[in-house]
């Protein structure tokens, strides 16, 4: 019995395992849509009740799934404290606890459960490439994170020096200026705060010319690392004697 | 007769075939300009009539071309249901149907017909590289699409949590917040909606630092894949004994 | 005499040639600063006269230099109709012609003369890499230019369909919508025009998710091509028996 | 004695050296937080006194550290005039000088001291890769800097020509227009200044299509250079017989 259930819950190569997985994935998406629809202002009482009904149904299925997964797991505690185990728990817990609004928001982390769908579309190799790429660029990303942090701090402190007097509300402190710094260096530029003094504009000029390039380098690093990861994986697969598509 | 027409319509290596292709390309651009000019407010009746005249002329030529292409095609149905066959039909259909405004807009898809011009400038190899690159990064793009979707949803749900109370109109629901999320994560930042609470700004700070990088990775992936595709193509062409420019 | 002058004007390896080149470069920058300062509102009569004096001095030197370059050139007409010959002429011409305001603006193209400075810092190899890279990505850039053009047109036509009724002033025609399309797809997002209807926002959502990636690919292509160009150049230099810095 | 102190101050492989380094790093971060908190408007007298106390404590420790570093250095003057020596001095100097506000801001450069933390997390190899990458792309970055400068100037001069008459305040001179140029070409787009004339918008259209790509290339260059630097380093380490992680 337990072995049979394991085939359904954990194995997605069998027909019934696939149906189970696709159904769960569908319910995850359905419950996310429900979660989003509930926030719409001015929805009628009947619609709200319908959404709650769908929500309740989803949570019951997820709860059964959660218990099943613990039941069929070879090492139940390993599953419970794994990433997916915790996500699965967070996905259902808010429903059972006397819910404050904040707690109820935890439901949104259900979205992480869709990652399991990757098993269905057999993207193990692509995921593996992401792990290889992450290992390759780990150090560079940390370095850029430190450089970006320093750049943000200096930018915020600098603009505070130039603009605080002219715009005491927008650039009230270095913490307020950090908001401007992140919106500027990521090139979002909402336009809610911007320098108006000559000094502030010249400072921003130099910050933009130098800083914008620095902030966008990590994305390029990840892209080249993924390209490199493909080659590494190819060599590893060949070494392991696994057949690979030549056009790959 | 049919063979001769085929030379004109489908072959662009002959002189007459080239003239035919260039004329059609010119008419496509002309009809797109006409389509755009018609939307200008306050154009006079006489200008409008002139534009309609040009439009009618273009559509008649396109119709004749469409019938010709069906006539000369070895497998007419294959052409009719091909990408270009459908585009060719959509390009003329709105003219013949009693046109609602929405239907008439389909004319804008004529723009896809300009892709045929690539045959004229002999970009077969470059197009082929795009196909190779697409095959290389297919899985990574799908993965990034899933990650980006999850990121967008979490960003929208998060900002809704922080800003809904302070700005009930701009962040009325998760769907409204999604608008803010896409405008922010793609760094467009119109400035029509932005967080004003301390919590919302701090949340945006972290979303920007992490999220902006993720959203821009796919462009880098495509760039490196196209570079890789060039090498693959070079090897394939050499293997096929096709002469390639050494400086290439 | 002519040979000696040629050493000064065209050769920058000799001491006097270097002094000549650095002096001209300095005057180019000076005349650009003068050109910019003249546009400042509310500058006094005396300052303006000073700026004009500097300007006159620069133009006289540039004129003498232009005549010298024609005099020393082995093929004077080749120089006159070369890129630099035309730029050199445009740099001085507005001064001698009875100047309309528009004509006087041509002075700003003097800025192109600073490219000559690259000879001074010996960046021939780096420039050569740019030529190799340009040849590598030429086809891809043209393809992306066509795709971007089509994307811009479809985006403009689409948003016009959704927003024209709601915002007849901002989205008055497809040409007006093109302004929005370019500001959005390049992620500038001034915030002077943005969709306000539900349909327009959903349309923008999909355009941003797909389009932003496409528009930023060419920059990545150029970056990878320059990296490739370095390798090609290395091989070429080695083949030519030219010594290269091993750490290079 | 001096040798023992050197072990503490300069060596971070010993237990006591590590404790010393981590303590200093913690104090640097603490003093930066203090510096930022002091700028908050409306903090109470008692909080301000507390922050000043923390500040005074940090500066005393930094001063002792500075004297120690001079004392233990084999070549004291070399340390004093090194990058870190100057930063260490700037970090404490404003405290001892009768401080004008401007001088007191120098404290923010303390942030550069956190770079020393990289020794702690043993990122020597990653830092070395950055040096290699910098040497690789030095020439290209200089070229792009020149091209970007020229592009900015031409963009500013061009928009001034088109918009000065319509918006004499926003585009008052070429220097004012430079602000718009940098905000536009880096795609920040605050929305405080943007073209409103037909000519200015068409000019911006072409500037954006061509210019945005150019400005983002350097980031891609750095990314590919870092990838190349990894390979170069790998070869160098192998040649030096240093064992490297195969998965590296």
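Letters A, B, C and D mark the chains in the order given here, with residues in each chain numbered from 1 onward.
The rule is short, and it goes like this: a residue touches a chain if its C-beta (ideal position, glycine included) is under 8 Å from a C-beta of that chain, and two chains touch if they have at least 3 such contacts.
Remember, it's a predicted structure, so these values are computed and weren't measured experimentally.
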item: Chains in simultaneous contact with chain B and chain C; value: A, D
item: Numbering shared by both copies at the chain B-chain A contact, with half separating same from different; value: different
item: Superposing rotation of chain A relative to chain D, computed on C-alpha atoms, to nearest 5°; value: 90
item: Separation of mean Cα positions, chain B and chain A [Å, integer]; value: 28
item: For chain A paired with chain C, centre-to-centre distance based on mean C-alpha positions, whole Å; value: 40
item: Residues of chain A whose C-beta touches two or more other chains; value: 187-191, 216, 219-220, 223-224
item: Chain D contact footprint on chain B (complex, rising order); value: 187-191, 220, 223
item: Contact set on chain A toward chain B in their complex; value: 32, 35-36, 39-41, 102, 105, 108-109, 111-112, 114-115, 117-118, 121, 123, 125-127, 129-130, 148, 178-179, 182-183, 186-192, 215-216, 218-220, 222-224, 226-227, 230, 247-248
item: Residue ranges of chain B touching chain A (in the complex, touch as defined); value: 132, 135-136, 139-140, 142-143, 146, 150, 153-154, 157-158, 160-161, 164, 168, 172-175, 184, 187-191, 194, 201, 204-205, 208-209, 212-214, 216-217, 219-221, 223-225, 228
